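Below, subunit A partners subunit B and then partners subunit C, in two separate complexes.
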Partner chain A sequence: MLEVRGLVVSYGGLRAVDGVSLEVRPGEIVSIIGMNGAGKTSILNAISGIVSPDTGEIRFEGASIGGLPPHAVVARGIVQVPEGRLIFGTLSVEENLSAAAHQHGGFVLRRRARPNLRGLFPALADKLDRPAASLSGGEAQMLALARGIEAEPRLLLLDEPSLGLSPKLSADVFALISRLRDQGLTVLLVEQNVRRTLALADRAYVLESGRITLQGPAAELMSDERLVSNYLGISSPASFVPA
Partner chain B sequence: MDDYVVTVLSNIGMISFIALSAYLLLITGEISFGQQAYFGLSAYAAGAATSMFGLPIWAAVLIGACTAGLMAMAVGALTLRLSGLYFSISTLAFAEMMRLILLIVEVQVEVDGEMVGPDGANGFHDIRWMFERDISLTEFMLFIYGLLALVLIALLLVERSRLGSVFRMLGSDDLLTEMQGLNTVRYRILAAGMAGAIAGIGGALYAHFTTYVEPQFFNVMLGVHALAYGLIGGLGTAFGPLVGVAIDIGFLEAVRFIQGYRMIVFGGLVAVLLIFMPRGILDEERVHRLKALFSRGNHARAERH
Partner chain C sequence: MIDFVQNTVDGIMFGSSYALLAIGFTIVFGVMRRINLAFGATIMLGAYAGTWLHVHYQVHVLVVVLTTVVCTVLVGIYVERLCFHAVRRDAALASMVSSFVVWMQLEEVAIHLLPERTYSFPSLIVAGSFELGPFLLRGEQITMLVLAAVMVGALHLLLHRTRYGLALRAISESPRAAAYMGIDAAWVMLCAFALVSLVGAVAGYAILATDEQITPFFGLWATFKGLIAMMLGGMGSLPGAILGGLLLGVVEAHAQWYLGNEYKDLSAYVLLFAMLVLRPGGLLGQRILGREELAFRRV
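Then we have the complex of A and B:
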């Protein structure tokens, strides 16, 4: 479904992503795990067209999408939910949701949030006419996720969806991603919460300083000694700086 | 109503168009110092339509609005890729360029034995449509407010539509808007065109109300005021900029003891509001609360019946 070959992304001479190749197949949850600054977000941003790669090939459903502007990538069916609960604060919750669904609605009319969505996000269902700025951090993250799903993507890119959430909310987010897979959605997930991510994902890539150092089925990686010593042995570091 | 009151009310109406024009760009997050260019361009184009070519007033307003709108889209296509401050400076530069070009445009035709048309630095005289048809000031004022009501209704409908959300999304976060699959440059050019056309309607009316325009009328102070009206009145609803105009021209013009100090009071008001109400009196939050209040009132009434 998605193929990335030899991706290189650099910022002013500094290589953030250094020759990464990865693949996502339909119906999978594939995860990229790694420390802060390993280049995880840069990979997602290159796929969604926010940064243009130096070299490398990005193909989605057979067609090259490298170098397309972000809106054109969304039109192909790839939607990114960026890190940091980014929502439109001056808009209502409903407007946030319908804004994403624009490709499936008209130029003028607003589309109502799908009933399915109310089931997935009960916390948002009765706050549809509130300004998004009034939501709590957890609700804002749910709204960002809901907005991504409302766009009806074929591939959803999730950047640190559990970042900064309480353990309870964090568990909710992972449970939600699992439910979305059951509904047939394909997900590329970037996370720092390695234990939970590996428990959820089908396959995973471990990224270190812009290179993939380990890859394989998530269950196998979970018991890999190198991964255990590097990531699971130490308590996961708190991160505040967007990569 | 005496002529003075009619004139003040007409001015409020005509300036409201340029205030709405600047407001539309403000909600998309763009600060334009150049909306006076479209006001002025349309004043010339519409003035020419009636005085030089004998067209009816509605055609003149349409021609003025379209000319201004298309010019705004063309300028937008060139400048909207610039971000923030650079865009603002380019709008100012364009407006000044426009004003200087109008200073040297001399195109006159003979109508009924008299030469009519833009005459460079001497301005554009004899846009006499109102006199020729014996239209009273009051009648023209009603025409102004009729058009203003149409534009306002159109804007309120846009704000309730998805297009309105997109405009506010642009004002909130450009990249995040692009990530929703929206071609942000295209929407910004659309907003620029709509804003240009709205300013153009005001300009077309202005030319016919005063019968005489010159490039100096459309200097940067007009554009700065247009911005200030939205910032004072509020960016939460299209009524905001109208409140701003009413405060400046209505209140400050009408209260005699402020005369001579009007600009000082106005400037002070802008400064104080920007500190305490950075998005104006009718900002998004207050508008939302008013709406909630209003709909609760409706519910309560419905329950009583």
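Then we have the complex of A and C:
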């Protein structure tokens, strides 16, 4: 579905992404894990056209999308939920969702029927007319995710969706991502919560200083010694390998 | 007392066109965090195109109106492409300086089009007035108020009921988030420029039809009045622009009546000075003061 080959992104001479290749197949949850500053967000931003790559090829469903502007990438079915939520605080929850569906509406705004909203985002369904700035942190993250889905993507790019959330709320976010996959959505997930991410993802890439150092099925990576010592602390790998 | 009410009414009526000029500045500032100094000159050149037809071919006044509006929108698009689209997003100062340069350019074009100092501008309105008790209402000022009310109403519907209006508000809130949502900012900004040029052309026509004459300095005048009204109300705030415009109109009307004609413009500057000292964010600008300061640092 998505193929990235030899991607290089640099900011003023500093290489953030240094020759990354990765692949996402339809229906998968693929994860990129790594420390802060490893270049995870830069990969997502290059895919969604927010930054333009120096070199490298980005293909989506066979067509090259490298260097396209963001709105053209969204039109092809790739939507990114950025880190830090970036919700429109002065607009209502409803307007946030409508703005996200910008490419799918007529000239006159109409309240869209959202049959899935109450099921997936119960916290938002009753607050559609509230200003988005009045939402709690967890609700704001849910709104950011709901906005991503409202844009009707086939591939959803999630950047640190559990960042800054309580363990309970972050568990909700991971449960939601799993439900989205069950509904047929393909997800490329960037996360710092390595344990939960590997439990959820089908495959994962480990990124260090802009290069991929490790890749494979998530279940295998969970028992990889290097990963365990670097990212999961010193506890025994056996304690979190799923049965 | 009757004088006071009469002046206030006159001020509100004339202030309604200041409000439209301020809206032109405030929408561009809200969306781009940049100031378009060429806005007044844009309207002036559009109106000059209408005047040119009027002077050389004695066309019907409706043709003058239509030409003024269409040409203002075209000049507005020209300014957007040259000073805003072509300039990098983070270079707000470059946009402001280039819009100043284009202002001079537009004035030169107008002077070459019609080289004399002033020309008569045709009035759509049957110049008449009627009395309402002790008060006198001028026909052209009522037209001005009605036009302004219609424009503000239409603008409100456009911003709140249409997809592009919502996109415009989303971009003024967070251009970055709007980009992630697949909103084409370049296209929305071009539409915004065409829109404010349309609003400005209507305001310009109403003012020129009241004055019944036009000079190349109308651009300077419109830019000053629009900028002052915007700053009074609070930069980037649409209700602020309306309030600022009306306030400016009322203060000018009173100054003109009580102090004399030469104090009319001076009162506007004194008012702006007082506002900038006492409440730098403008009447309704408090809420976005933080963002404004950031924008000014960039400017």
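Please note the rule applied: the second predicted complex is superposed on the first by the 231 of 243 C-alpha atoms of A that agree within 3 Å, B and C clash if a C-alpha of one lies under 4 Å from a C-alpha of the other, contacts with A are read in each partner's own complex, and residues count from 1 in each chain.
The rule is short, and it goes like this: a contact is a pair of C-beta atoms (placed from the backbone, for glycine too) under 8 Å apart; a residue touches a chain by one contact, two chains touch by 3 or more.
Note that the structure is predicted; figures quoted are calculated from it, not measured.
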Clash or fit (per the criteria above) of subunit B with subunit C on subunit A: clash
First (subunit B), second (subunit C), both or neither touched by A:H71: both
Touched partner set for A:P131, first subunit B, second subunit C, both or neither: first
Partner chain in contact with A:I50 - subunit B first, subunit C second, else both or neither: both
Which superposed partner A:A151 touches (first subunit B, second subunit C, both, neither): both
Which of subunit B and subunit C A:V93 touches, first, second, both or neither: neither
Subunit B and subunit C footprints on subunit A, overlapping residues: 48, 50, 69-71, 74-75, 79-80, 82, 86, 88-91, 95, 98-100, 102-103, 105-109, 147, 151
Subunit B contact footprint on subunit A (complex, rising order): 48, 50, 69-71, 74-75, 79-80, 82, 86, 88-92, 95, 98-100, 102-103, 105-111, 131, 147, 151
Subunit A-touching residues of subunit C, taken from the complex the two chains share: 160-167, 169-170, 173-174, 176-184
Complex contact set, residues of subunit A against subunit C: 48, 50, 69-71, 73-75, 79-82, 86-91, 95, 98-100, 102-103, 105-109, 147, 151
Contacting residues of subunit B [partner subunit A, same complex]: 161-163, 165-166, 168-169, 171-173, 175-184, 284-285, 288
